[in-house]
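Pasting the structures here.
Presented sequentially are two complexes of chain A, the first with chain B as partner and the second with chain C.
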Partner chain A sequence: MRKTPLLLTLAWRNLWRHRGRTAAILFALALGVWSMVALAALSRGSLESQLKKSIDNLTGHIQLHAPAYRDDPVIEHRLSPPDAPLTEALAHPSIRAWAGRVRVPAVVASERESAGVVLLGIDPEQERKVSFIGSAITSGRYLEASDEPGLLLGRKLAEQLETELGRRVVLMSQDVNNTVADRGFRVVGIFDGEPQAIETGFVFVGRATAQQMLGMGDALSEIVVRADDRNRLEAPLAALRAAAPTLDTEPWSVVEPLLTLTEKVVNVILIVWYAIVFAAMSFGLVNTLLMAVFERTREFGLFQALGMPPRNILGQVLTESVILLGIALALGNVAAWATVRALKNGLDLSAFAEGFEMFGVSPIIYPALTATDVTAANGLVAVLGLVASLYPAWRAARHVPVEALTRV
Partner chain B sequence: MNVTLRFAWRNLWRHARRTWLTASAIAFSAALLVFMITLQLGAYDMMIDTSLRVYTGQLQVQRSGYLDKPQMRSTVPEAAALAAELRAAGFPAVAARAQGFALASSGSRSYGVPVSGVEPKYEPLVSTIPKRLAQGRYLREADAYEAVIGATLARNLKIKVGDELTLLGSGRDGSVAATIVPVVGIFDSGNPELDRHLVQLPLAAFQEVFSMGSDAHAIVLSGMELRELPKAATRARALLPADRELVVLEWQELLPGIEQAIEADMVQNWFTYIILIIVVTFSILNTFLMSVLERTREFGVMLALGATPYRIGSLVMVESVLLALLGLGIGLVVGGGLAVYFHLEGFTFPGMAELYAQFGLPGRIHAKLSFNAIAVGPAVIFLFTVVAALYPALRIRRLAPVEAMHAV
Partner chain C sequence: MGAAALALVAVSLPVRAQPQAVDAPAIIKAAIEYWRDVSSYSVSEMAIHRPDWERRMTIRVWTRGNKESLVRVVAPAKDTGNATLLLDNDMWSYTPKINRVIKIPSSMMNQSWMGSDFSNNDLAKADDLIEQYTHKLLATETQDGRKVWTIESTPKETAPVVWGREIVKVRDDYNLIEHAFYDQAGELVKKLTSLEIKPMGGKVIVTRQRMQRVDKPGEWTEIVVREMKFGVDLPASVFTISNLSNPRE
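Entry: the complex of A and B
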């Protein structure tokens, strides 16, 4: 019964025989753990904000289209407004909101300049619940009704077109008969977006106005759905697919494959980083334990001569390793947690804003600690750390008593 | 000195295992840094080179203000003549371009797209598009009425080589610019933006359709060494007519995203490198510390025999430096080998090719072999190691001969 506490006491005291040495290795281990957890939190945070931004901008959680639309997003591939079964499916308990949109390529022209854009015809009230546009107006007003004649323009695009609030612009797009329809709109609101491509790529008008301009009756280009949780979409997806089997119903991860791909690459990078840091730490850990073992060769010999079984010596060295790893993990995690707390308001890398913009990443990173990442880092260090300490421990237990006693 | 060197070398091998373990920690981090830095710099060169070569070019002459607000009337007057002058002054690749916007229609589809007028004879020198034709041929005569378009745009317009393309836009003076041209070639540049949007016409035809006279919007220069660019820009500036408000823009201004993306990546990578180096340094600090502590008696004897603390200190330093050099040597060989291999073969990992393709970059990175790329990592490690070795070396001054000789 007394064995385990004895080993623990011995291991603990042994560690503090060389304070400096123990402190140095603890620092190295804790720094390694900190860097693992902190880096994971930063990459996760950056990824998370990229995901959130994309979903909040226009992607939503689930999109419904006519089958060929995603491949070839033009007016030809349109869908009828939701029928009774689909409306019922859209009332699924985990679906929070949905909105129908007209979404086709168009040209917007001011008196001076013109530009290619995507024309979005929206229902102002529903759209407010599924995308950013309802709260992105920085001057003028948001659309008030689906059939109103106003238009919302991005700030950067307004600048490029040399137009402003209250002026008129002309929209041109292909109608259902393949002829070019055009119509003048008054700019009633200017919106800001991030990334800037949102400001230059999209103009918003009322859904009914767009449908009338393009002669599409009450047809839509897409239906966008917002659910409770972006990671639990199976139930609403199944319900929607069952209600509208002819439509192309896909979650955000399929609509925006780049996001899933980025997540995959981030995971690879994190695993590589974990492996590298761990390898660097294990050199120090093994080296320190080996030293501790060799300088105590006489002592271990004596223990054995006094009748301590080799497995207890093995246990003693492993216990030292466990204590070291335990303290280092605790320190590293606390430091990482403190770092994340300190960066709660975001790590601002706006100095490189355009670089981040190029890859569609927000320059302000809000670190996000996830249980999976923390567990992975801690588990890896704890398990592999113990495995690495087996070698010094085995060396210690192997000494033949008499030989060990006589060695200086 | 010679004696010290021999002493140090022999001392190292008193604990061969420890020496090897420590050397491998240094070798591991050195190899890793050589590998990562050569790869990282290779990736930067690849990013810059690919982005510039596709279309942008290394330098551009533009009317000042055009970059921020690309308007039809901000022109470079007599562009072809100015381009010829620059060519005569020894610039290897020079081509004039005009840029406008039009509604491009096939029989059944219309899209708003940027249209550019290029010099068919010189464009292949500054852009890879003329060489990346998926079907048909590139433009031939400067005044022919014909067009080449991007592959995605061709697909969206449902247009083939030989079909007619209607362009409808507005000219420099606000007049209607309209023309019908046969599509003679379809290009697949690998850059999604260009492939989805761009239509190219011969410059003279463009100038006529868009009422440009002999003006254009940019003169693109390319084909120089990246590090020669600032000098080349200065030389080009001197050749420009003074009264025309023309500016020479370098690639950093043309594509600010790339430079910032590189800087951001650089900061992030050095952050991880430094953490790695610190972890390794603290791991090996223990080796240095122990090699001094365990020899207290020996140093006592040496002191008693008349060796100065300074001499013993330098002995310890020489040992550490030798150890570091041993590790760095191995690391350089291994890391250099990896760098050479990935320089020749290119490096890739799962998901990278798909992710990079989104930004028009190739999926393989070729490591950059240069003295700086290979030397900087090991140099930083050496610096950290020497600083770590100073602490134990300085401890020797605290030793008193008699007490030291009595130490166990």
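Entry: the complex of A and C
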């Protein structure tokens, strides 16, 4: 009982024998911890916003398709509107809203340009509850009815096509008989989207209008479902699959494999970063402790001569290490937390945004601290830091009094 | 009765040679029918002109009614056999070099036909002018002693046409003299002009036309008709995919 406080006192005093050195290593350790936690928060934040964007944009939480649609999203792979059992399953308590869509590749043409797009035939009321489009119109108006003749065009695409609100564009696609289906549409609304690929990649028309143009009756390309929680989809998934066993019913993580992949890549990058930072940190830590141990060779010899068992010497050096690590972790975490707080309104990287947009990443990052990341960084530094200090501690404990005393 | 009444009107209004066609849609319809006839066979030369090069090819064209056409390249040697089949709005193309018939997908309908200034749509939709537009007679004037109708054709709201309006000039013998395409801001984008009208194949027809984009003054495509026959007896087998890739004439 008495020994621990003694060791602690010794270790504490020892540390401040060289204020400069201790401060330097504390700073280095804290910097390392800060970089680990802050980087984790930034990448999580970016990932989270990417996920949220994608789900809010068009992905939703669950999508239902005809079996081959996801491999080949063409008009042949269509599904009938929900029958009685499926409608019932779609009323599952954890499903907030759902919408049926027509979704096929098409070409939109103006007088001067044409562009490949995805034609989305939507029911304006249903769609408003599952995706971004209902609130994304920045000029003109949103679609008013499923069978209305208007079209919604992205701002960037309108620029590329050299057309504008109120002009007519032509949509061309294949109809159910595989012949050319085309029709003129007046642009009734311009929408803004993020990432920009949303603006250039999609045009929206009324669902009934699209079905009529493509001769598909009341068939749909996909049903998109929005649930309460994107991480708890097992129950609604099971209900939907049971109600429509012939359909391909998948959660967002399968529909958008890139999102899941990005999450994995971020995890790997974080681990690599942790390893690099930790390697640099541990060399500094071990070096500092070794220096302290070498300086005190004779002191340790004296301790031993006076009867202090080697394990206490080991304990003393380890205690020093624990104190160092403890202070550094505290400083690093506080600094990281302060950084995250300071960036609460987002870190704007729009100066480099073009490259970001290409990967569908938003140029403004809102850092997100997660308990897992903080625990991982702290645990890694604490445990491995302690392991690394075993070597200098062991060196210290190994000194034999005579040898220590005879050393010059 | 109707015909008699019309005849009466014709007699009483000697200025109007063809009174049954003074309303704009009828003029357009008559002009297209005059050009297409019941069926036709022609040999034409197409010149694609660019600022630093020019390409010429000779094509043979078969048409029947308003919906069926077949175009086959016969010269130069390297393009020989390239062919296009049009059945209503659908289009197939055949290239002997790869021995493949390709159905032109909707995504390619806006692209250039055989590298010319005509788009696939220009060919496939020529007769859309009848149904997909509303026509208005803007002016009737006299040019070189002949009457010329200027008609403004505005695509209907849902027509698959990108133009804001088209101005068509038709001569009183139903030869199309000019066809100008305006964007929706009212700016001229491209113009098809008839440069030569002369008797051929038993009728007086346009034998040289040029398609030119306004923003590219150095680029145009000219089609010169060398030989023309109207009312030829063409079997249905001409306008088939098998005839597209295996010519049997």
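Just so it is clear, the second predicted complex is superposed on the first by the 400 of 408 C-alpha atoms of A that agree within 3 Å, B and C clash if a C-alpha of one lies under 4 Å from a C-alpha of the other, contacts with A are read in each partner's own complex, and residues count from 1 in each chain.
Quick note on the criterion: a contact is a pair of C-beta atoms (placed from the backbone, for glycine too) under 8 Å apart; a residue touches a chain by one contact, two chains touch by 3 or more.
Being a predicted model, the structure only gives us computed values, none of them experimental.
Peer 1: Quick check on the superposition: with chain A as the shared anchor, is it clash or fit for chain B versus chain C?
Peer 2: Aligned on chain A, chain C clashes with chain B.
Peer 1: Is A:Ala24 in contact with chain B, with chain C, with both, or with neither (first, second, both, neither)?
Peer 2: First partner only.
Peer 1: Is chain A touched at more residues by chain B or by chain C?
Peer 2: B
Peer 1: Look at A:Pro149 in the shared chain and tell me whether it touches chain B only, chain C only, both, or neither; answer first, second, both or neither.
Peer 2: The answer is second: A:Pro149 touches chain C but not chain B.
Peer 1: Applying the document's definition of touch, where does A:Ala181 land relative to chain B and chain C: first, second, both, or neither?
Peer 2: Only chain C; A:Ala181 stays clear of chain B.
Peer 1: Check the residue A:Val107 against both partner chains and state whether it touches chain B (first), chain C (second), both, or neither.
Peer 2: It touches chain B and chain C both.
Peer 1: Now for A:Val169: first (chain B), second (chain C), both, or neither, which partner does it touch?
Peer 2: second
Peer 1: Quick check for you: in the superposed arrangement, does A:Leu325 touch first (chain B), second (chain C), both or neither?
Peer 2: Neither partner.
Peer 1: Should A:Gly116 be classified as contacting the first partner (chain B), the second (chain C), both, or neither?
Peer 2: both
Peer 1: Identify the residues of chain A that lie in both the chain B contact region and the chain C contact region.
Peer 2: The answer is residues 105-107, 109, 111-112, 114, 116, 172-174, 178, 180 of chain A.
Peer 1: Chain A touches which residues of chain B in the complex?
Peer 2: 15, 17-18, 21-22, 24-25, 28-29, 32, 69-72, 101, 103, 105, 107-114, 155-156, 169-170, 174, 197, 256-265, 267, 272, 275-276, 278-287, 289-290, 293-294, 349-352, 354-355, 358-359
Peer 1: Touching chain B in the complex: which residues of chain A?
Peer 2: For chain A paired with chain B, touching residues are 18, 20-21, 24-25, 27-28, 31-32, 35, 39, 72, 74, 105-109, 111-117, 159-160, 162, 172-174, 178, 180, 258, 261-262, 264-265, 268, 273, 276-277, 279-281, 283-288, 290-291, 294-295, 349, 351-359.
Peer 1: In the complex, go through chain C and note every residue touching chain A.
Peer 2: These residues of chain C touch chain A: 89-91, 103, 105-107, 109-110, 124, 155-164, 181, 183-184, 189.
Peer 1: Contact residues on chain A for chain C in the complex?
Peer 2: Touching chain C: residues 105-107, 109-112, 114, 116, 149, 163, 167-174, 178-186 of chain A.
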